[in-house]
Each structure stands twice: as C-alpha cells, then as structure tokens.
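The following pair of complexes shares a single chain, subunit A, combined with subunit B in the former and subunit C in the latter.
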Partner chain A sequence: MNEFVATVVRGLGSGSIYALLALGFVIIYKSMRVISFAQPAFMMAGATLVSHLVLSMNFFLAVLVALLLTALLGAGVERLALRPMIGRPVFVIAIITLGVDIVIRTVVNSFIGLDIRQMGDPWGLEQVGVLGANIDQRHLATLITTLIVVAALFAFYRWSRTGLAMRAASSDQEVALAQGVSVGRVFSLSWALAAMLAGLAGVFLSTGIGLEQNLWLTALKALPVIILGGLDSLGGAVVAGLSIGVVEALVGSYGGDLHPVFGGDFFLVVPYLLMLLVLLVKPYGLFGTREVERI
Partner chain B sequence: MRVRSGVAVALVAVLVGVSGCRSDAPEAQQGGGDVKFDVGVTKEPCPEAVDKAKGCIYLGSISDLTEGPFKALGVPITESQKKFWKRVNAAGGIGSFEVDVTKYVKDNKYNPQIHNEVYAEIKPDVLGLAQTLGSPTTAAILADLKSTGVIGVPASWTSAWAFEDVILESGTNYCFESMNSVDFGAETLKAKSVAALHFPGDYGDDAAAGTKLAAEVNGMTFTDIPTAPGQENQGAAIQKLIAAKPDLVILTTGPTEAATIVGGAAQNGFKGQFIGTSPTWNPALLKSPAAPALTALYRQSGPWAPYGAETAGHKALAESLDQAMFKAAPNDGYTAGWVWSYPMKAALQKAVDAKDLTRAGLLAAVKSLETVDYEGMLPEAAGKFSGEPNERVFRQSIISKVNPAAPTGVSVEKDFFTGKTAEAHQFAKPCYQ
Partner chain C sequence: MLAAKNLEVVYDDVMLVLRGVSLEVPRGRIVALLGANGAGKSTLLRAMSGLLDVHDGEVRRGEITLDGVPIHHLGASRIAARGVKQVMEGRRIFVDLTVEENLRVGAHARPRTVKVNLDRTYQLFPVLADRRKKVAGYLSGGEQQMLAIGRALMSDPEYLLLDEPSLGLAPLIVQQIRDVIVEINAAGTTVLLVEQNAAMALAIAEHGYVLENGAMVMDKPAADLLADGDVREFYLGLGAEGAARSFRDVKHYRRRKRWLS
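Right after this comes the complex of A and B.
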C-alpha cells in the first residue's frame, strides 16, 4: 500500500510537469491555432536561468526572475518570429517554431555546458511521510505548485478582462478585433504565458539531481498529453497530464508483474498508447472541441 | 533526334561503366623511407606539421560533440586525442610521417544514421578512425569497416569488439568488468545477492550478462532490473531495487540516472553497495544532493585508473592538457581518449616499420600486435590483438572509490585484478548475445 501511494504521488509529480508543458501548448493553440514546438526550448531556458541565478540569490526569487525573463523571451519570439507570419499556413508557422526551438536550445546549451548544473532547490532528494509512504518532497512541491498555478490560470481566464479578451480572440479573432480586443497583444501574452509555464516545468524537472542538456526530451511527452486532453482544452491538458504521469508510473512499477512484456521500459510508450486508444474513440481528445465541418 | 538520344545513352553507359570499374582506393604510392601507402596518407605535411619535411597520416574522429547523450565524454575524448597525437608528432611522429586527427572530426550526435553519413564523408580521406564513439553507432559502420579494412578505435567497451579484427579496443569490456566487480563484491563486501540495474542495449546488457555469470559462479541471488534513460524515469527502478534488497548493485546507466538511483535508494533506507561502470560517473555529481549517498554507497569500476594516477601515461596526459580547461569540467573522458590512442600509435609504427601504410598494411600490423606500450596506464599485455578472442581478451579491471579530493572525484581502491569468474570464463561470443 505504501509503495502504491508513493508510486501514485511520483506519477502525479511527473504528471504535473507534463500538465504545465501541455498547458503552454494549449494556450498557444487556442490563440493562434498553431502547435508550438518551441516549448522544450522555453523549458530549458527557464531551468538554465534558475541554475545561474541561484548562484547570487535565493532559489524562490531566482525562479520568479527566471520565469519573468522566460516570459519575455516567449513574447519576444512571438513578436519577432511569429507575428510577421500571420496569415501564412499554420504548417509553416509550426515549422518556424521548430527552428526557434533549435536556435534557443543551442544557445541555452552553451550556458548549461557539458556537466550537470545544480538548481539549488530546497528539496533535493529529501522525502516526507505521507499516508505511511515515503514521498519525494520535490514531487509533492511540483504537484502543489502546479495546482496553485492552474487555479490561478483558470481564474485569470475566467474573471480577468485580459483573460476574457484571450477567450474572445480564441473564439473568433475578427469579432474580437471588432470589439476592440488587441489580438496581437493576446498572441504576445499567450506566448509569454506558455513560455513561463514551460520554464516552471523545466525548473521542477531539474530539481533533485540537476539540469543537463538532454532533459529537453521530456517536453516531448506533452505532445500525447495535449492530444489526449484535447488540443484546445486547458482542463484537458491538466487531467491528461496528471493521468499520463500516474499511468506511466504505475506501469513502470507494476507492469512487469502483470506480464514481462509490460516490464522494463515499456512505460515509456504508455503515453503514446493511451493517446492512440483515445483517438480511436474520441478523435478530438477527451475534452477537445468537436469541430463542425461543412460537407 | 533518335541518333542523339542513342549517343547520349551510350555516353552515360560508358561513364557508368568507367566509374563502376574505378577503384575507391587510389593507387599505392611510395613515401619517405620507401613506405607504401594509399588512402588517407600524403607526402605533403600535415596542416599543423611540426616537421614540414614529413608526410601526413590522416585519422578521422566521429564523436558525440554537440547534442547527443554522451557529449560530456565525447568532447574530452576528442580533445585528449588531439593532445596525444600532438605529443607523438612533437616527439618525431611515426617514421617519416606525422599524424593529423584535427582535420576530419565529425559529430555523430550519437545517432547511427548520422554516424554512417559522416563516416562516408571522411572515409576517402582517412587511413583509419582514431575514434568511433558509441556501440550502436559503430555497429552502423562495422560492415563497411570490415569490407574496406578500415581500422577504428572504439570509444566504448562492449564485448562484441573482441570479435572484430578492424576494431582496436583497449582495456577490458563491460562484461568482464562486471564479472570482476561481482567477484570483488562477493569477496571484499561479502555480498550474497546482486542486482544488475542497467540500460537496455549492448552497453547495459553486456554488463548485466557479466553480472549474471559472476552471480552464478559465486552462488549469489541475481535480480535483473532494466531501466530507461532519463533521471525522471528511475522511480520504478528504485522501487524494484528496494523491494529486491540486494547487497550489491552493478550499475550501467548514465551519470544522472546513477545519482538518481543511488540517492533515491539511500533516501528509502537502502543499505546495499553500488558499483557503476565508468560511463556512470561524472564528478559533477558530487555537487548534487546525491553526493552523501554516492560517497557512502558508490564505487566505480573501470578498465584503467582515473585521471591523476601515478603512471607515466597519466602524467604525460596531465602535462599535455590545458589545466584550466580540465578543471572547468574535470572528466575521465580525457583519460579514455589518451589510453585508446596507444594501440593505434603502435599499429601505425609497426606498419611503417613494415613499409606498408596502406589500409591492408595497417590491418595486418594490428593483427600482429602482441603488446602495446601504454606507458603504464594499462599492462602491455592488454595490447594483444593477435589470436582468438578467448586468448587475447584483457580480463583485468580496477575498482575506484569516491574521493572528492581526487581530480575526477574517484581514486583507485583496488588496482588491476582478474576475478575468478573472468579468469575461468570461456569467451566464445559477446556476453550479451
């Protein structure tokens, strides 16, 4: 039982990181109808900034400053690389985001170096007892922070004027423009938010042992998450992220007991299998908006 | 029109025929000292020649230099090899030739396909490969190495290399190294049970196979725990380890995975000892939260002593390296790159002495090597490349312990030894096959 609880919390911790990353994808998709492949770069940028800033300031302050800088980077990328491409096919814009990802990661990698950078986080590998199980403090911290951030994000969308403007632009850009909403500003804000969320995911991912260049690969797990949750559903991103994290952890721990085929590193393909299964039943994901098409 | 088409077709056919008949290998030439040579050797001096009167032997390097998972090793290996050959050239080169390992350096990003592509690019210009980093990547070019007789120095230690004439490996392989580690665990640490916690593939599987063989010989309980790369993917492996409670764990992962596992297991009260193969270690881990656990529970096995050991070769390495660069990112990749270069130097010397520096001549020289002078970094017997794999495989390894004061965070605990399992093992095929 203790082991089961520990596995679930570990899964929720990983799932929180996937959810934060997936939220960024969804926010950009909702505003621009484009899947941004630059999220791994923002994730690495945020984590790398923290690893440098902690050398001269408190960890929490470093996270705050790093996330603001990452948000600025996201907004800057949108303004310089994406805004001029408005009106072009979304495929072209998606490819540009791939290029942006490579450029930013190359620069960021030079600041990471070949070794492992420490984040200076207060959790390290420390554990805490929960329901009789030993839980990594960092997993708990990731989960709690994600829940707070998600609640704040939903409140922002639901109750703030800017959030309303973002929802309006997401629903119909031309009507939103006619109502005085600055769609360009919505784009910038979307990229800033997405970059900030990815940066936060990167920070939590690097807690424990540290930050290294290859961590960016984890960001790719957000892709099955957004397909599973629905490309335009913020709630779907959170539910799918947490679900995939937990299922992945459970398969990793207990899959081999069911059958040797499910042991080893089978858990790595679980997110993609889940995605395929859901797509067979719900092509727009669990919570995605079903598109009405004229036949 | 029809006549023109006919002429064009005939011309194309002739061109195809001519190019088909053309041999890839240029005609053999004679260099200084009447040495015969063909591909990758010139009468002209090397780009950074010490002695402009000497010819040049070009060796290629294909390594993980920018974004692959082993770049932390690939970069220092490549740098160290440049320094090794610079020293050789400064000391008079190889006969009437100097050696260049700087012109044909390629990045494989640890991707077999890229490895193959860049190999094809440099193949017409190099005599051999001073470095081909990785097992799966080298496997991607192995067929071509064999068919063209190109010698490659592998930056990996899989037991399969002992069965390939064109591979010029140094030191023992993961399989024998793990056998020795288990024997050491049984004798010194009094371990009764052992787990192999490893990546899949010929790196981890080779070590796991050696671990299993030694567990059987020592009458130990064996648990196999495969795991995937990525520090965030180690939770399940840690749980399985804690459940199995082995006295000894043989680790074959990357450094961050190793630290996550050792640190995570220790947090859960795990008291067993860990011995990791050399790629599991990075001194930067001593700055991580796992440092106390690593200091208490971790040892490193290796095919040779780490940087800073007291042999002539280690001292020459330290003198050749830019110390500021080394201290910025201390890494035993420098040691590995240096050691791996000795047999190539010996083979080139032997080929020049035999006045045949063609690819065939170099291959013949490699196959006749009985010993190599590693300047004390490895026993000379480790340089035996003639005979059957079971006769020539080098079975000795070293155990190091964590020592934060040492240049790369580890220092030798038990010098070269062969355990009883490795001693008796009939090496008829790669251990993991």
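Right after this comes the complex of A and C.
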C-alpha cells in the first residue's frame, strides 16, 4: 500500500511535467492550428537559465526570472520566425518550428556542457512521509505547483479580457479581428505562455536529478499526451498528462516483466499504447472537438 | 461620414471584384446596399472594416475615408477601435463561447464600458438576457443573428455595417431584426445595410445603392428605388404584371449560387 501511494505520487509528479508541456502545445495549436515542435527547446532554455541564475540568486527568484526570459524568447521566436510564415501550409510551419527547436537547443547545449548541472533547488532528493509512504519532495512540489499554475491559467482564459480574446481568436480569427482583437498579439502571447510552461516543466524535470543535454527527449512524451487529451483541449492536456504519468509509473513499478520483449522498459511504450486505445474509441481524443484537421 | 471613393478591389492579385465603386454613408442615417449574389457587396464591407487582408484581397485604387481621413490601410482591429464595426454574413458567432462571453469579446475595443453596454444589449435583446450563460452554438438562427448584432454594438460603434442580416430567417424574425435596426439607428448608430431582401432594406433606409458586377448602377433615395421599374422587377420580385413566377426563379438561382459559393 505504501509503495502504491509512493508510485502514484511519483506518477503524478512526472505527469505534471507532461501536462505543463502538453498545455504549451495545445495553447499554440489553438491559436495557430499548428503543432509546434519547439517546445523541447523552451523546456531546456528555462532549466538552463535557472541553473546559471541560481549561482547568483535565490532559487525561486531564479525560476521567476528564467521563466520571464523564456517567455520573451517564445514571443521573439513567434514574431521573427513564425509570423512572416502565416498563410503557408501548416506542414511547412511545423517544420520551421522543428528548425527553431534545433537552433535554440544547440545554443542552450553549449551552456549546459557535458556534465550534469545542479539546479540549486531546496528539495533535492529529500523525502517526506505522506500516508505512511516515503515520497520525493520534488514530486510533490511539481504536482502542487502545476495545480496552481493550471488553475491560474484556466482562470485567465475564463475571466480575463485577454484570455477571452484568445479563445475568441481560436474560435474564429476573422470575427475576432472584426471585434478589435489583435490576432498578432494573440499569437505572441500564446508562444510566450507555451514557452513559459515548457520552461517550468524543464525546471521541475531537472530538480533533484540535475540537468543534462539529453533531458529534452522527455518533451516528446507530451505528443501522445496531446493526442490522448485532444489537440485543442487544455483540460484534456492536464487530465491526459497526469493519467499517462500515473499509468507509466504503475507499469514501471508493478509491470516489470509484463511483456517479454520489452522487459523492464515496457513502461516506455505505455503512453503510446494508451493513446492508441483511446483513439480507437474517441477519434478526437478524450476532450477534443471534431473540426480538428485529419489526414 | 464613412465613404468609399472610386474603390477598386482585387482578390489574389488578379481578380478585379470592385471597379471604381463610390458610396457615402452620412452620419445618423440608414443606407441600403442592394445587389445580387456575387455583385461585390461583402467585398465592399470588408474593404470598409479592414478585413480584405484575411481574404487575400487588396484595395488597388481609390480609398475608404472616415470623416475625410483614409482608413483602408489600417488593420481590422484598428478600424474596429475607431468605431466601424461589421456584422458578417452568416452570423459567425463564437459557437463554443457563451452568449455573454460573445458579447464581452464584442466589447474588446472598449473595455471600460462593458457593464453599461451589456445592460443596454440585454434591454435591446431580452432573449439574449435569458440565455446569457448558454453556449451560443445552441441558439436558434434568429437569436444568433441578434447575438451577432449585439456583439458588434458592445463597443459603441458609430457605424454598423450589416451584411445580409435577414439571410435564412423566418419572416417574423426578419421583422424583428428590421425593428431592431431602426431602434439602433434611432439611438444614434449609423447603419449600412446590405440586403438581398430589398423590400425590408428599402422600407427603413433613407438612401439606397445598387451594386451589379462590381459597379454601382444606382444611387437614389430609397423611395425612388422602391418606385423604380428595374428594382421592382429584379429585387422586389414584382414584374410589370407583378409576376410571382420570376421571383421564384430568381430565388432559386440565388439559392444555388449561395450553396456553391
């Protein structure tokens, strides 16, 4: 039982990271109808900035500054590399985001170096007892922060003037323009938000275990998550992210030899299996809407 | 005054759709713009509201002026902020937002007076007040048209450009929409009304224009247009002998065109 609780919390911790990343994909998708493959770069940029900033300031302040810088980077990329391409085929734009990802990650890698960088976070690998189980503090911190950020994000979309304008632009761009909404601002803001969320995911991913160049691969786990949740659903991104995190952790702990071919690595396949299963029943993901483009 | 002067509009760099069109919408009036499907009415409205861009359209020659100042080079959101608002053909409400959220987006250009304008809009359209929390996609066609008009009014525009508001609505609802337009105008908003329902438009407008194949072919007081033989035949469906047959033919033709476009 204790191990079970510990496993679930660990799953919720990594699930939170998937959720943060997936939210970024969905936010950009909703505004531009494009899947941006630049999310891993923003994730790495955020984490790397923190690992350097903590050398001269408090961890939490470092996170705040790093996230603001990452948001600026996101908005800048949108303005310089994406905005001029509006109207081009979606496929072309997706490839451009892939290029952006590689450029940024190459630069960021030179600031990471070949060794593992410490994040200077207050929890490290410390544990805390919850319901009789020993749980990594970093998983709890990730989960709680994510829940707060998600709540703030939803409140923003639901009640703020700008959030409402973003939803309107997502629903019908031309009509939003006709109401005075600046769709360009909506694009910038979407990229800033997505970059910031990815940066936060990167920070939590590297707390405790440290930051290294290969960590960007984790961002790819957000891909099955957004398909599972529904490309255009923020709520779906959160639910699917947490679910995949938990299922993955459970399979990792209990399903070790579930499959002879994959052996102990079966949990790596789980997100995609889950995605396939759900798509069989719900073609647009758990919460997606129908209009989403299909091949 | 909102005006178009010798306006030429091209789509996709090659398709000349408006060929030197001029039109004047003096402050405080209701002006009707008639014309068959494909004449270029919506294109003229897009030029006035800055939405040509979205359709790969461009003003090649001539200008749109607001009180003498050219505005056709401004973006749509700027023009909306200057008080020119278009209600697009086919209602185009945000189907996944609630009624009230739709209205709030309409106030985007003028955020400080949201509350006053919400109250006013609900007074003008009591049916929207009853459905304020409802997702807009579930409203009936008539309600959606009222929502689209209400949304445009949320930023206190000086000029309201209505693109075929009676399209596809039952006669009773068309009457309601007509009365609402008169009420809006009486409250101080200038209206440019694009219609295929010429009888409705000319009944409430002071002045009317007829656009044909991208050129303005008539520019007369509404009463004169109502009396004009050609207008009666082609737009009111009343031939010399008041033949209803030709009306049905025209309508059938229009419907097919609409489906194709």
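Quick notes
The rule is simple: the second predicted complex is superposed on the first by the 284 of 295 C-alpha atoms of A that agree within 3 Å, B and C clash if a C-alpha of one lies under 4 Å from a C-alpha of the other, contacts with A are read in each partner's own complex, and residues count from 1 in each chain.
Methods note: a residue touches a chain if its C-beta (ideal position, glycine included) is under 8 Å from a C-beta of that chain, and two chains touch if they have at least 3 such contacts.
Not measured: the values here are computed from a predicted model.
Taken together in the superposed arrangement on subunit A, subunit B and subunit C fit without clashing.
More subunit A residues lie in contact with B than with the other chain of the pair subunit B and subunit C. Panel annotation: after superposition on the shared chain A, the angle at the CA centre of subunit A between subunit B and subunit C (CA centres) reads 140 degrees, nearest 10. Once the two complexes are laid over each other on the shared chain, residue contacts for A:A6 go to subunit B alone; subunit C is not touched.
When the shared chain is aligned, subunit C comes close enough to touch A:G180, but subunit B does not.
In the superposed model, A:N214 makes contact with subunit B only, not with subunit C.
The superposed three-chain arrangement places the nearest Cα atoms of subunit B and subunit C 38 Å from each other. The residues of subunit A shared by its contacts with subunit B and with subunit C come to none at all. The residues of subunit B lying in touch with subunit A in their complex are 66-67, 69, 71-72, 75, 200, 226-233, 235-236, 239-240, 243, 255-256, 259-260, 263-264, 266-268, 282, 284-285, 287-290, 293, 329, 331.
Within the complex, the subunit C residues that touch subunit A are 49-51, 54, 75-77, 80-81, 85-86, 88, 92-97, 101, 104-106, 108-109, 111, 151-152, 155. Of all residues in subunit A, those touching subunit B in their complex are 3, 6-7, 10, 14, 17, 109, 113-116, 118, 124-127, 134, 136, 205, 208-210, 212-215, 217-218, 249, 252-253, 263-265, 267-268.
On the side of subunit A, the complex with subunit C involves touching residues 161, 164-165, 167-168, 171-183, 289.
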